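Chain naming follows the written order as A, B, C and D, and within any one chain the residues start at number 1.
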Amino acid sequence: MINVSIVGATGYAGEELIDLLLGHPEIKITHVSAKIDKPQDISGLFPRFMNRLDLTCNLPDPEEIAAKSDLIFLALPHTVSMEMVPKLLKPGKRIIDLSADYRIKDIAVYEKHYNVRHTDTAHVKDAVYGLPEIYRQKIKGAALVANPGCYPTVAILALAPLVSSGAIEPDSIIIDAKSGVTGAGRKLAEGFLFSEVNEDFKAYRVNAHQHAPEIDQELSNASGKPLKVTFVPHLLPLNRGILATVYVKKAHSSKPIAHGLINLYKEFYKGEPFVRVRQEGDFPRLKDVLKSNFCDICVKEEEGSVIVVAGIDNLLKGASGQAVQNMNIMYGLSETLGLL
Amino acid sequence: MINVSIVGATGYAGEELIDLLLGHPEIKITHVSAKIDKPQDISGLFPRFMNRLDLTCNLPDPEEIAAKSDLIFLALPHTVSMEMVPKLLKPGKRIIDLSADYRIKDIAVYEKHYNVRHTDTAHVKDAVYGLPEIYRQKIKGAALVANPGCYPTVAILALAPLVSSGAIEPDSIIIDAKSGVTGAGRKLAEGFLFSEVNEDFKAYRVNAHQHAPEIDQELSNASGKPLKVTFVPHLLPLNRGILATVYVKKAHSSKPIAHGLINLYKEFYKGEPFVRVRQEGDFPRLKDVLKSNFCDICVKEEEGSVIVVAGIDNLLKGASGQAVQNMNIMYGLSETLGLL
Amino acid sequence: MINVSIVGATGYAGEELIDLLLGHPEIKITHVSAKIDKPQDISGLFPRFMNRLDLTCNLPDPEEIAAKSDLIFLALPHTVSMEMVPKLLKPGKRIIDLSADYRIKDIAVYEKHYNVRHTDTAHVKDAVYGLPEIYRQKIKGAALVANPGCYPTVAILALAPLVSSGAIEPDSIIIDAKSGVTGAGRKLAEGFLFSEVNEDFKAYRVNAHQHAPEIDQELSNASGKPLKVTFVPHLLPLNRGILATVYVKKAHSSKPIAHGLINLYKEFYKGEPFVRVRQEGDFPRLKDVLKSNFCDICVKEEEGSVIVVAGIDNLLKGASGQAVQNMNIMYGLSETLGLL
Amino acid sequence: MINVSIVGATGYAGEELIDLLLGHPEIKITHVSAKIDKPQDISGLFPRFMNRLDLTCNLPDPEEIAAKSDLIFLALPHTVSMEMVPKLLKPGKRIIDLSADYRIKDIAVYEKHYNVRHTDTAHVKDAVYGLPEIYRQKIKGAALVANPGCYPTVAILALAPLVSSGAIEPDSIIIDAKSGVTGAGRKLAEGFLFSEVNEDFKAYRVNAHQHAPEIDQELSNASGKPLKVTFVPHLLPLNRGILATVYVKKAHSSKPIAHGLINLYKEFYKGEPFVRVRQEGDFPRLKDVLKSNFCDICVKEEEGSVIVVAGIDNLLKGASGQAVQNMNIMYGLSETLGLL
């Protein structure tokens, strides 16, 4: 059994991690913590865990956490993770960090988009970006995995085969993404009140969202040259899920794609346990991926352009599910264990 | 034209009042105010009023409000109204208060259930309970109208004919009420976040809600002797509306109700513009009354008991619509003006 | 491995069964069928099962089903089950029937409320009512389990301890129940269209629902004498879950309940893996039980009366989860296998 | 008073028309009809109209309708309108047709996209496309107004200023549109059941929607040369409203737009009562336009491209509200009468 701690257990991603790990046969949750006023039974915080997990949620104490765990999940807000990480790496613990703090390699870009100074730049370089479909080999041996953002996960998986193929204009990428409300975390702001979100729909941070540089970084890597996407996120009046509709221009010079686009995708994701390339015309809807770790993708070729629709559950493949997938890889377990 | 002010314009009831009064042919909104950080255009606060209302929302100043208005709507939280009322009554203004501060005649009961000292007991006695179906004559000449609570409105209208008739056991009344989220106001609490309320449903303040004594007071008046209801409110994952299902035992001694229950209700509400007694078996659903000032009621007689289902829009007949109805009565206008 | 078939795989309960059984370590789904126009891959019908279940859904053929299965789940509409059951019992198969056809022992009552003639009365007597908390011993050896209805499950669990204790007036029971839309099955009727249900709420079949006699039957058994409940179901604008608020009068003659009501419930459900009796004042909300097989119950004692609030997921403890629980009991497996 | 009939009164657009016209001071609804099994009181079909409209809904009889009306609203499915129109134009009645039958000038294009033969091509030429912001002068004298589709209304209003200015690449237009469920009408299909739509989101008819040629036609007119848009509609889990996010490339040769994009839009829509151009960065959300006839638009200039976000209520500016606006224009009434 692997002993794991969850820091930030009271947020949506932390709650989802508990739920997943309780069903995982090789894991024992030994410690849960969060920024709370006073220690509280996890079943008092979340009655759904009554009779399932008998632990008290405390304020996070790095020493105690290190003592009790082999692996630590940090489900913390951005900028809080970077305070915790060095204290847990030092005693040799392995970490999967769900915040943005270690995802972006260019510190200046991070600092600009998150509007904060990075205080643990030393570990950014060694952190492995936890997208198994791209970095599986590196994840295996990683001490620190930077679990991807929810929008970047779906955007990168939707575009990596196209961008790598060289068949498209790299600067033509438009990502029109729509996310459920848990994507923003359990945040107490008027904009997330039920009566504000329900029966409403809106674009926000129009082409100015902090996830854009993360997408740019990874698609630039895939492309081999720097590119910048147009990225407009929208808020859906539902709890979970992200669906992205992506528009790209084909490269002027491009030859017809051999065997078609769908085959390009099927080839790229061959053997991947959690990416399902759908048949022509069979566009995924959110329901197909909710409560699962799958990313479903469908591609349509138009004259001169390509449309991609891809969907994930933002709390699973977009956060906690992917974190568990990374854990399985790090510990040499079956990659789907506890996730199917 | 009657000049009106709205104090507390940024809450749901205040917003709804603006919307209603903009469509009212005899009203000019001359002033809007609320507890805000700095003055702001009402169309900045609510883009839906852009090109419709050109006023700045300020902090409420009683002197300025009195100077600009014939009638003032107070859409304020409980306990804030009682500070404002004396300052506006003194210069002879008429007031419709949407808070609970002047609804309950027994000061001790108010203080117990709202957990606060009443600082304007002098005006409680003269305030008229603004339920037109019961107090229309008194409302006409009132200086201060205490606009009923949303749950009490639907509960009293659902039960007044039965209770007055003497045909039921007064202590057998059970009110199982379900309300949309705007009933709680624009309140920043975790329990009202979208992801908490959506796909959820719960009972709250089980037989311990502060609206119970208001219902007790008015049904006791209707009954002629003191009674206490069992009242359990529930939170619906939708924006607007209250539906109450009410259960009562028939009096042991009661004779059959002449011409039946539905006729009893039809007779009681004869000529009422905003109460619709539905045919047998035609139970109202929320949609029938949403965005309207109607209260729809259906009654079903069982062996030994009676079931009543009644519905209103909590922001209209349960708050702002009823306030406008009261205004129409106070100023001798057609009672339905601006409401149909 | 136990080989199981699901008949009626395209409804909500059938879909949920597939999902549960795919995660059950002792089960192999060998056959799925439904009333469909032409055979279709299950992953074509439900893309969520893509890469998870590789079976074709056919029209149900009793012979084929019997040949391929040890146990058969019938997730069929009422009256369709009774045609299938005799054909599957004959070759010695065990059956868990999720329809109402074998739940009601009094054929006349069944025929009146379901408005149909029963054509397999012979097997009604031997069928075991599949509520483990009451009938666990009988379920173990049953050939045919009549899986309880969703409303009856929550109503009976909420009331059995009280009714058995003799502390209440048996004819005073009022059950005000609220259900999500999947409770009605995947039914193509205008009343279940999104724009009709969303932002709406209504009572339906007011004290005339076909689940009432099922509740009456089981609570009469628990009480030792015949009783009739008042039962009003309501339709919630959400996908899953039932919450019931129950009102009962205490018996006039009743002595104070020793150690209190909550202890009465805790004692009654001692050792039950899927009933959680909540602490005083800690009323369950739907979220606490969604996606789980738990029934959460809280009780509140008032002067002269008792209020009970209980919740389940209608597709799990109210249908497919309870069916799997029954299967675990029938096959001597751990009762929680595949359900936690 | 103008006597009006509504044909197709039982659909969402028909219901909305009744609601609007009941509040219109210059209109008397003299007749309502629909394809129904037997004549029925409108208040039986829609309890919300109880005590507000005392008419029986009949099967549509062109002679009776012509006899009772000055103006007829046809809120009928596509292809049903073209059977009715000639019969009502002949006796000299004026018509506002909410179907697609008279919107598309090129019969071949209509027949291809609606998959049907057009049987009244004679009147297509004379029909005026009822978008007041473009065709106000022609609408004044029109006998037959083809009321625009919901998606085309928001798409054309979002793009007309840009397209007319010549500042963009005409073939670069991408319209990612999201609509509430009433946009599909009161259609009995599994895809519109509550449990299917709720908590789901999907793209549909990806770049193959029948509204695309209508958008192409009008934007080609605005541009002065033929263009084709990329148009991907999505289904939102909410009742009303369309929000479109539009992406366009600036023309390579284009000079900087004098005074900026927002001024271009403000100039274009100067004096328009129902188009509100929002300030920079103040992107509209659905709530801003729901239950109103407004179209709100915000534009953002990026390097080389432009992003436009625009929203309407699909049942008002996208259907019945625009129809009433057209009626006001046709009869020389104030354009906002009954709409503010």
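Basically, a residue touches a chain if its C-beta (ideal position, glycine included) is under 8 Å from a C-beta of that chain, and two chains touch if they have at least 3 such contacts.
Keep in mind the model is a prediction, meaning the values are calculated, not measured.
Engineer: Quick one: compare the interface residues of subunit A with those of subunit B and tell me same or different, with half as the dividing line.
Structural biologist: On the two sides of the subunit B and subunit A interface, the residue numbers are mostly the same, over half being shared.
Engineer: Could you find the chain whose CA centre sits the greatest distance from that of subunit D?
Structural biologist: Result for max centroid distance from subunit D is chain C.
Engineer: Per the definition at the top, count C-beta pairs in contact and tell me whether A-D or C-D has more.
Structural biologist: More contacting C-beta pairs are found at A-D.
Engineer: Based only on mean CA positions, could you tell me how far subunit A sits from subunit D in angstrom?
Structural biologist: Chain centres of subunit A and subunit D, defined by C-alpha means, are spaced 39 Å apart.
Engineer: Counting in whole Å, what is the centre-to-centre distance of subunit C and subunit D, each centre being its mean C-alpha position?
Structural biologist: Their C-alpha centroids are separated by 46 Å.
Engineer: Counting only residues that touch at least two other chains, what does the list for subunit B look like?
Structural biologist: As it turns out, subunit B has residues touching two or more other chains at 196, 198-199, 237-239, 284, 287, 290.
Engineer: Where on subunit B does subunit D make contact in their complex?
Structural biologist: 22-23, 47-48, 50-52, 199, 273, 276, 278, 282, 284, 287-292, 294, 296, 340
Engineer: Write out the stretch or stretches of subunit C touching subunit B in their complex.
Structural biologist: Against subunit B, subunit C makes touches at 174, 176, 178, 196, 198-204, 206-207, 230, 232, 234, 236-241, 243, 245, 247, 283-287, 290, 300, 302, 305, 307, 309.
Engineer: Under the definition above, what is the set of subunit C residues touching subunit D in their complex?
Structural biologist: It comes out as residues 12, 180-182, 186-190, 192-199, 237-239.
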